[in-house]
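Following this message is one structure expressed as structure tokens.
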Amino acid sequence: MTMATIESRLAELGITLPEPPAPVATYVPFTIHQGVVTISGQLPLRDGALLATGKLGAEVSVEAGKAAARACFINLLAQLRAACDGDLGRVRRVLRLGGFIASTPDFTQQAAVMNGASDLAVEIFGDIGRHARSTIGVAVLPLDAAVEVEGLFAIG
Amino acid sequence: MTMATIESRLAELGITLPEPPAPVATYVPFTIHQGVVTISGQLPLRDGALLATGKLGAEVSVEAGKAAARACFINLLAQLRAACDGDLGRVRRVLRLGGFIASTPDFTQQAAVMNGASDLAVEIFGDIGRHARSTIGVAVLPLDAAVEVEGLFAIG
Amino acid sequence: MTMATIESRLAELGITLPEPPAPVATYVPFTIHQGVVTISGQLPLRDGALLATGKLGAEVSVEAGKAAARACFINLLAQLRAACDGDLGRVRRVLRLGGFIASTPDFTQQAAVMNGASDLAVEIFGDIGRHARSTIGVAVLPLDAAVEVEGLFAIG
């Protein structure tokens, strides 16, 4: 897929990639080794504020959680673009997404929430956007974020 | 290890690999990159039903949790066989298993539960079945599953 | 970075690497594939005892949690040294750390706790110690440990 194709899909979806969010502590947003980009867990930050805080099953609805997962993936993309020196056309495959959903003990729709990230990966990248995935319900996340998503990407 | 050896071990253990379970959402069961198969988190599904739901420390006993972890590994194997085009003799190493154990806050025997998966890996693959592992107690899992296991495998 | 440089940094920091802790169950401390060492989740064990048990947000303070994360990283290093046949000068990059912080549902400073591991990685390895990272708050950890850290390292 060319950079132009991906940039135009982003435009069609009305997505402007932000400046890649800075890590909230002493680490880096990504490392690259043998063509694999490992990206740090991203929170649903937009314009410096969290899109959703709290827990699924309590104050955060499934729809709000899904929007938060989508925002996490947009931040992954912003980091990935930096890892690719600006050229998302170098992406060969979304290898894996890991979804962490802050949940009350009785909330069990983590998969639906995480689809906010997975669906967007496929909308943007098509078949090479199809990825392996693990999704879990966690007790709580840094800064009380509702969702955190990490990613593994193959680039050329 | 040859495919015949592995298939006969499975037979000795009375294990018939199922059709690989379909993902419960918009992603794929595995990706392959540079000889490494990354397999999505597997739930303890057998014949379409979850073997164990709820939490360790409450309604799920350590023995039931262990059986669930074993079922997760069987599903990983079914996915892995598909990734190997049917030939498990191509497996070079079980690199890593990640174990997510749905737990009440006071249950601390996650390692014993996860042994249901780890022991089976070694029973089937011998020394190349020995793997790195991380096991954690999580608040809750998709579909209220008691256990979820993800895996990383090297293939030839 | 040479082995001598790293050993002298460890000495300056007053760190003596322990015998690598044995896994608490049927798996191995690490696997190596294509120059990447995958190390099992390490608990804050020192001299066979856990440095901190219980949960952040309850009986474990942020400072104690940070010290526990640091102890986990020291154990990762001990495993890594074994993976490098004793020569930490072979380390090319700390690729990723995964931090699991046992948390009450209202504790949200997981990032500060995990800095105990991340800061030490950079103190010891400098720029090649800068890593991708995911940190989550989990319900509970094996043996009631307050913190668990897993790692991915590139070696030459």
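Think of it as A, B and C in the order they're written, each chain with its own count starting at 1.
Here is the rule we use: a residue touches a chain if its C-beta (ideal position, glycine included) is under 8 Å from a C-beta of that chain, and two chains touch if they have at least 3 such contacts.
All values derive from a computational prediction rather than experimental measurement.
Chain A and chain B touch with mostly distinct residues; of the residue numbers seen at this interface, under half occur in both copies. Between the two copies, chain A and chain C, the C-alpha superposition involves a rotation of 120 degrees in steps of 5.
Separating the CA-averaged centres of chain A and chain B is a span of 25 Å. Taken residue by residue, chain C touches two or more other chains at 34, 105, 138-139, whereas all remaining positions touch fewer.
Within the complex formed with chain B, the chain C residues making contact are 23-31, 33-34, 38-41, 55, 98, 100, 102, 105, 138-144, 148, 150. Of all residues in chain C, those touching chain A in their complex are 34-36, 93-97, 103-112, 114-115, 118-119, 122, 130-139, 152, 154.
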